[in-house]
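Pasting the structures here.
Each of the two complexes below includes subunit A, the first together with subunit B, the second together with subunit C.
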Partner chain A sequence: MMVLEIIEYIIRLILSPPIFAPIIYPGLVTVLVILLSIIWVERKIAAKVQLRYGPLYVSKPIGGALQMLADATRFFFQEIIVPRDADSIAFLIAPAASLVLPLLPIVFVPAAPSFVAISVEYSLPLVLAISALTPIVIIVMAWAANNKFTIIGGIREAFMVIAYELSLFISALAMAIFYGTLNLEDIVSMQKSLPGVILNPLAAITFFVAMVMATSRLPFDIVEGEQEIVAGPFTEYTGILYGLVMGAGYVQLYILCLVFVELFLSGWYPYIGLLGEIYPALGGVSLFIKAYLLMVFIVFLRSVYGRYRLDQAISIGWKSLLPLSLASVFLSLGLLAAGVVI
Partner chain B sequence: MSILSSVKRHIDAISTGLKYLFASSRMTVRYPEYSITLRDNYRGMIRYYKDKCISCSLCARICPADAIKMYRKAGEKKMYPGINYQRCIFCGFCVSICPADALEHTPVHDIAWESLEEMIFPPEEFGREWVSPALEEGARRVKAVFDEKRGLTHVPE
Partner chain C sequence: MFLNEVLEVGAFTAISLYILVSALIAIKAKDSIYAAAALGMVGLGIAGLIAMLGYGYVAAFHVVIYVGAAVTFVTFSVLMLREQPAEFKEIKVLAALNALLLAGVYLLAIRSTGIGELGSVYLNLGEVARVIIEQYWFPLLIVFVSLATIMIEGIIVARGEEK
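After this line comes the complex of A and B, so read on.
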């Protein structure tokens, strides 16, 4: 009897949102699955566009889908080399921080109606603010490795932040102004019938481009610039440390995609009530599907674009994105003044 | 105007990418399972016929990469060529210049060695016959054809 009660208690504990959300969905476990699958998808798409096969020979019947598992295993068994002149403590801590920091906002991102680990009134700015901390870790990383490629990469990261950050926040706030709330859950619930992208396409475009910049995806992978500066701030990392820093970019991409879907693509609507009765988070599965498709589209861009130069990216940030994001704020105000109500 | 045209260019780029993503055209030959049949006059591994050789040393002299060296066995007067595949660039000069037709290209190129020493072939071994390891293990032969629409493709023979 006692044992049954304990098991029941543990299951209830795991299934309670404050535990389930950060650990299982949309948190850690989901992130791991995404990491293992999206990199494979990215490589497969790039290969297909370039008339190749991509990963194939690891698990051939399923098109090499286990390649990432094989790579991750390899990362674990590779030697970790700390350069002699590196600041070893910062060098070792930064990769872990670079993975944890982008993952942290997940506790504030609702995955289904009233399904969130920590419910706060200001979840939108909180999520954006925490994910805006990542560049600091990357700069620390670049400095700690004490290598000219990493320093150049770190400086590029600092420059990129000034290119996208303002526009990212302003375009997100444009939606907040329109919906009159900073709470992601309320923002989603107001998009039940009409997604935000139709009401304010300017904000959506700006947020999208700024998001691609923030996550260093092509055409803005200026920080890593592998043909120019090896791997930018990540040059000196080996083994699992490299695995961590490589994964960090995708984690940030995932979080920002979730935010994008909740701001512009009506989040977890259409809500699947049948699944929702089994477990509340399951009903919001369309949020995950939309975010995943968005990620697939962003990684697909890799095979379309070449890399912008740093100065081009900054001028896109200031000359196009910033005016567009300001225009999106005025669009929101105009819609409010015109009396558009959801 | 410039904004419109740049938007159009972005859309063009993305739609071209999508077109390639869904079009069925791959150039890759999955090598160990498939093997491209090379032309008969392909400049592959070189085969040497010692019985035809007149020991003129022209091959060793013309070789631009210094890959061919003349070997003399103790007690013998004549010298015979041997090859070092570390150096050979498969230019075919030696084959062209040989007055006795003692050298010949074979349409085999997929040979690999485990050490540098194994790449040196003295006259006795220079005459060996080359077989593609992939074909030996039963690779299916394909040949390259140029398709107007799909570009370079490979069809089974």
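After this line comes the complex of A and C, so read on.
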């Protein structure tokens, strides 16, 4: 009897949102599945566009879908090399921090109505604030490796941050101004009938482009610039450390896609009540599907766009995105003044 | 209820200690990057304390500005300039006197406000905005003009470099 009670208690504990959300959905386990699948999807799409097969060698019957799992396993067994001139402590700690920091905001991102690890009134600025810390780790990484390619990559990262950060925040705040709340859950609940993207498309476009810049996806993968600076700040990393830094970018992409869907695409609506009765997080599966499709669209950009130069990207950030984000704030204020009520 | 209070005080003490240790690292670190990272940790700790006091909004913006922006700029500068911190002659007596003076000021400030009299309050941002616009419109105007001036200066500097 005692054992059964303990098991029941443990199951209840695991299923409680403060544990389930950060560890299983939308947290760690989901992130792992996404990492393994989205890289495969990205490579497959790029291959289709370039009339190739893409990854096929591992698990041929299912289109090479397990290739990423094989790659991850390989990373585990590869030697970790710390360059002689590198600052070894920062060099080793930074990759772990680069994966943990983008993952932290997940505790403030609701996955379904009242389903969030830590419920706070100011979840939107908190998520954006913690996401804003990742570039620091990338700069530290570049400094620690002490190599000309990493330093150039680090400086590029810093320039990019200055170019997109302001627009990302302002466009998100434009939606907060319109909905009158900084709570992501409240923002989603107000989009039940009309998604934010229809009300304020300017904010959506700005946030989207800034998000692509923030996650260093093409056409803004200037920080890594494979053909120019090897792998930018990640050049000296090998083995599992490289696996971590490579995964960090996708984790940040996932978190920002969740925020985009919650700000502009009605979040977990249409809510599937039937699944919600089984477990609350399941009802909000639309949020995950939309975020995943958005990720697929963003990784698809790799196949159709060339890379911008750094000066072009900065120019886009300051001359196009910033005015657009400010315009989105005025649009929100205009909608409020016009008495548009959700 | 008692357990909650104990946990709260425990968390507050732990965060305070973490801030002190991070601040010490920030001062003692030989490399500017480590000092900047420790400064970021101090900022995160302070944001935690602010959040515990019930001002989550202020805590979020503290992270954005004092950790996100400030530390990014420090690390960026170090990376660009490759500058090492200058060596200063230790002035322990003056530092001790300064610390005592600062502690005295803090104690006086705490005594004048009274510990425990101020609880956490719900911050209604709409109300705050209304008060600022109605009662402090002139300082707000000055802030707007200053920010606009800085922005124009920034654009002029950027265009100048283009030539």
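Heads up, the rule we're going with is that the second predicted complex is superposed on the first by the 342 of 342 C-alpha atoms of A that agree within 3 Å, B and C clash if a C-alpha of one lies under 4 Å from a C-alpha of the other, contacts with A are read in each partner's own complex, and residues count from 1 in each chain.
Just so we're on the same page, a contact is a pair of C-beta atoms (placed from the backbone, for glycine too) under 8 Å apart; a residue touches a chain by one contact, two chains touch by 3 or more.
Just so you know, these numbers come straight off a predicted model, no measurement behind them.
Peer 1: Could you classify subunit B and subunit C on subunit A, in the superposed arrangement, as clash or fit?
Peer 2: Pair status: fit.
Peer 1: Identify the partner contact of A:M295: answer first if only subunit B is touched, second if only subunit C is, both if each is, neither if none is.
Peer 2: Neither partner.
Peer 1: Once the two complexes are aligned on chain A, which partner has more residues of subunit A within touching range, subunit B or subunit C?
Peer 2: The partner with more contacted residues on subunit A is C.
Peer 1: Under the stated touch criterion, which partner chain does A:W143 make contact with: subunit B (first), subunit C (second), both, or neither?
Peer 2: So A:W143 only meets subunit C here.
Peer 1: Per the contact definition in the header, classify A:I155: touching subunit B only (first), subunit C only (second), both, or neither.
Peer 2: The answer is second: A:I155 touches subunit C but not subunit B.
Peer 1: Based on the superposed arrangement, let me know which partner A:L184 touches: subunit B (first), subunit C (second), both, or neither?
Peer 2: Neither partner.
Peer 1: Scan A:A231 for contacts with subunit B and subunit C and give back first, second, both or neither.
Peer 2: Touch status of A:A231: no partner.
Peer 1: Return first, second, both or neither, reflecting whether A:D87 touches subunit B, subunit C, both chains, or no partner chain.
Peer 2: A:D87 contacts subunit C only, not subunit B.
Peer 1: Should A:L199 be classified as contacting the first partner (subunit B), the second (subunit C), both, or neither?
Peer 2: A:L199 sits against neither subunit B nor subunit C.
Peer 1: Mind working out whether A:P135 is in touch with subunit B, subunit C, both or neither, as first, second, both or neither?
Peer 2: second
Peer 1: Just how close are subunit B and subunit C at their nearest CA atoms in the overlay, in Å?
Peer 2: In the combined three-chain model, subunit B comes within 21 Å of subunit C at the C-alpha level.
Peer 1: Please identify the positions on subunit A that touch both subunit B and subunit C, taking each partner from its own complex.
Peer 2: After superposing on chain A, no subunit A residue contacts both subunit B and subunit C.
Peer 1: Quick one: in the complex, what on subunit A touches subunit C?
Peer 2: Interface residues on subunit A, with respect to subunit C: 87, 90, 120-122, 125-126, 128-130, 132-133, 135-136, 139-140, 142-144, 151, 154-155, 158, 161, 165, 169, 180, 182, 318.
Peer 1: Contact residues on subunit A for subunit B in the complex?
Peer 2: Subunit A residues touching subunit B: 45, 48-53, 56, 300-301, 303-305.
Peer 1: Where on subunit B is subunit A touching in the complex?
Peer 2: 13-14, 16-17, 20-21, 25-28, 30, 151
Peer 1: Give every residue of subunit C touching subunit A within the complex, in rising order.
Peer 2: Residues 31, 33-34, 36-37, 40, 56-57, 59-61, 63-64, 67-69, 71-72, 75-76, 78-80, 125-126, 158 of subunit C touch subunit A in their complex.
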